[in-house]
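Structures for review follow.
Two complexes are shown next, each including chain A; its partner changes from chain B in the first to chain C in the second.
Up next, the complex of A and B:
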């Protein structure tokens, strides 16, 4: 559907804790336009539909091809990346809001540092001896690699957490992205050497036991990561670990 | 004697910055890692097709020496040879390291690493993780750095931007001034050394394959503080990207490495559905013009061919500046497994499925071969002394550079899948030398008077106050677009001196209008506008380096092409004739009859051109613009000769 002009209705907020408000912008419709190019157009001409000059809208973005995860926001009510949100296939007016499960920094920018902290908690890395050349990595089947690759594309964008009913602004639930990363590192032959530590990390408060199985995470994941599979598998593994702990500790 | 406790500031969290951080941490030296965004979102994630290392798993006879030759030939012999050679020899170790870190590289039936073809070589040398190799490599390094962060060696300053170096009276870098992009305040950080791993300058063209943070601003800032900038005019135009208002999205060279074919309808105006056009009516121009390398000629060659077909021969698809990149002959499962990432991008941005219809693509600005001049120390045997503090140091002592922001590995044209290699290689290379540099310093950062940092902070506080007071008529974002349009029109694939001169005037005009900018937002909290205005200023200066370097270099070399100075290589010319010519010359004047007609004259033209232009361009900031001089290239290992890919 091609239109001559498009309307953008944007939820704005000057600072954390400030009162949100709305601005509407009318822009000329251009070929190949996406939400990012519209926001850039607003930077070049920050005037609202009713003729008021405002400060340009702020948002986070970087790669603009859906591999960095930065420009995640709610677009017409649905959480997704702004770069792949093509204007031609969006309903008018296009409503932009910041993600609601993370603290707003300003306008469409939110603070997702909680996700990165969780990666630290689960020891999201392979414990290599050092960067010196000590030879090849472990040999393992392409099938396992394919499985791992599907998980390793997680760009910490937060879509799955925004959609998750269990994940809120104030609780400590880790969420699907983190659980899936536990599975990812545990799949690797070297990573598996620290498997138990990672499982233990998601057996505490905010861990896998709090997952309510709503299964919406997998529906919104832009990279189609099999998140519910990861949750099921980590659920099983943690149950086994629990039993092991009962017997051995 | 106990070693001084040391601290190094690394600016940039892409592959170079992360690998430098990791390596420095292994020496138990503390690192402050400064990045625009969480490091996991750095531009290196955009790299798609793979990373080169001559491991020769397919019995093709590949070796690091052949990789080295391909690299310097690909760069039209402008790269420093010991460096390129050392990098290629480190390639296998780097791949093995990344593999041990858990990068999900595609594997063979036996479970070993798989390799595929890429441009500018005849060997399967490129390790890959689907078509998101850069993303996977960044994540693996990010994970290792997070591990060092847990151990207290790394302090991350994400959402911070580098503004400039703190340089003392003796010209030594003693720290960095950074801008907190959230709180808006400016701080001067004391450090024993600073590493710039800040990537390329694609944003000066406004629309490129680069991410939004790739403004080149940090490099330009170093240049404005006196650092030398080298080979600025060599900007790589990637042959295959898809159009967009905000960005030109890359379609990886690996598409051709996996069998993708470039073509246009043979007859202009043939508007049939591409799948209905029979083979004989298709013009596979790369394959026809370069039978040996075919679709895998280097990027400069492919971009020029596409430019020629579309603009000079008017054969673009549907009369548009577009050609087909065709993968429809490959099975969808094969494409998904080996190219999934880019297939997905194409689908999402165009709504079409590349396994069913040929992709429509066109060249786009992609990479800067040039960058901050950096030093190195040869080991005297054609490689690099890995412990030397000189390695990767800019002309400002204590200020280092690694990754796309440096200049000396890719010459006049970078080969595909060599950038990930050079980023990680330079990051790792910096480690031992920079630690020794810190140990050898006359005094540690704590002994530097605090007034130096106070003064640096004050200068930048004043600069930002000045920017916030700008209340003219120009919109900085619109002016940026104009800057990009000016360069896209004139400083691209085909360059003409007249247009380059006009561009320099145009840049003066843009700089004059820059003074009339309005700072659209003067608030303190999370306000990108003043920061962008400062970046725009730096981008204008960087554009001058590129344009003036291009104007003065009257020749064709790699990505820098001026038809006026084309040496017109004769048909059926064999580059070995030139080696033969050089040898014969030692025994007297070579004779016309020893060579096919026209070849001797061509070789003489080539020789004279090499004599005049085979040298590194150096730009230094003088009188509000770049003063250009030239330096010798280290050619100690292989003899430069005419390039040919037919």
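Up next, the complex of A and C:
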């Protein structure tokens, strides 16, 4: 597809809670451009299609190779990373919006702290240091390591939450990424030592029982993480934990 | 178990919602549709099934404990769950997202239908004191009238197919939420099996509707036992 120019229609917001508005920018269409390079172009010359000079559009990005997750936004309505959104294969005009399930900081930047809070709640780490030596870690069986590797690729980008019908700006649902991380850390032989705490952290309001199995999360995850398998697996383990808590504790 | 907090209660109630959808409501629905389809075999068999149910000891207690209370609980929590989320199938039109959306829509349809269905059967039955062997002629008469109009037929078909779908797809959701079907291909296969099961339930119900529409039962005065 050869296009002379490309239009970017961007939903903007000056501050948290401010009223959003739209700006349209027209750029020369360069080969191999991606959405971030277009945003950089706008930063250099922040003039709208109707000739008004405006404040440059702000966005987040870091790795530029779809591993950090920070550039996640809605592009032509669909949530994805801006750095790997190639302009050549996008429909013109390109509509950019911030994610709708996280509070907007400014323009295309959102605050994803909710995801990090949730990782804290589920102890999204492996405990190693104590006040005493806990010794060498157990062997990590290869079959399990393979499974864990797939789950380890989560970059906390938020796509799975943005697209989830059960996850809203105002409720307390934890969402697919969090459940998958419970599975990830529980698969680790050392991490398994805190297995019950992690399971119990998702057996609460906003936890695993709030998932409605719409399975949109797995469709939109850029890392192709088997999220629905994680959800069912954690569903199974929390069910067993519930029985254990009722009968044995 | 240690002290039950509000957060634990939330989890517990959602599990209960999930469970009540199967036991007892789903089981009841399956038996209800299957037993009613005896109508297609013969009036006698049909009347006998109603007589049998209406002569159960502690019938009212059984109905309240095993049907009305779980149904009210499941419905209240079902609406709560529905309004906690925001459907987005237009933006993300995937198969399972359609199922998620239909699960909520059919839940609401079933609720409306049940208000009507119970309001025109059990409520007047109890109000007019049609107990034991008086119940069958009373109920069959009500059904006869229901299926004389297209409005009644369509209403019942919509209610039956919504309930059958809701139960079948709910069965799938239950098996996923409780961790009985985990991998993607297990989930896909189960989805086919459960939907076929739903179709069978729906067809059993539809056959009963057709039978009533084509051959209304002349209600014979029943003997009083």
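Everything below uses one rule, namely that the second predicted complex is superposed on the first by the 241 of 249 C-alpha atoms of A that agree within 3 Å, B and C clash if a C-alpha of one lies under 4 Å from a C-alpha of the other, contacts with A are read in each partner's own complex, and residues count from 1 in each chain.
Methods note: a contact is a pair of C-beta atoms (placed from the backbone, for glycine too) under 8 Å apart; a residue touches a chain by one contact, two chains touch by 3 or more.
These numbers were taken from a predicted model, which means no experiment stands behind them.
Annotation for the three-chain superposition on chain A: chain B and chain C fit side by side.
Of the two partner chains placed around the shared chain by superposition, chain C is the only one that A:212 touches, whereas chain B remains out of contact. With both structures placed on the common chain, the touch criterion links A:131 to chain B but leaves chain C unconnected. Here the vertex is the CA centre of chain A, and the angle it makes with the centres of chain B and chain C is 160 degrees, a multiple of 10. In the superposed model, A:5 lies in contact with neither chain B nor chain C.
More chain A residues lie in contact with B than with the other chain of the pair chain B and chain C. Using the contact criterion defined above for the overlaid structures, shared-chain residue A:168 touches chain C, although it does not reach chain B. By the touch criterion defined above, A:185 lies against chain B but remains apart from chain C after alignment on the C-alpha atoms of chain A.
Of all C-alpha pairs spanning chain B and chain C in the superposed arrangement, the closest lie 20 Å apart. When the two complexes are laid over each other on chain A, chain A has no residue in contact with both chain B and chain C. Taken in their complex, chain C has these residues touching chain A: 1-2, 6-8, 10-11, 14-15, 18, 81, 84-89, 91-92, 94, 96-97, 99-101, 103, 172-173, 176-184, 187.
Within the complex formed with chain C, the chain A residues making contact are 77-78, 163, 165-168, 171, 173, 203-216, 219-220, 226, 228-229, 231-240, 242, 245-246, 249. Interface residues of chain A facing chain B in the complex, by the touch rule stated above, are 14-15, 30-34, 36-37, 40, 43-46, 55-56, 58, 60-70, 83-84, 86, 89, 105-106, 109, 112-113, 116, 119-120, 123-128, 130-131, 133-137, 139-142, 145-146, 148-149, 152-153, 155-156, 185, 188, 190-191.
On chain B, the positions that touch chain A within their shared complex are 22-23, 26, 36-38, 40-43, 45-46, 93, 96-97, 99-102, 104-112, 129-130, 132, 135-136, 139-140, 143-144, 146-147, 149-150, 182, 211-213, 243-247, 249-250, 337, 341, 345, 348-349, 351, 428, 475, 477-478, 481, 520-521, 523, 525-529.
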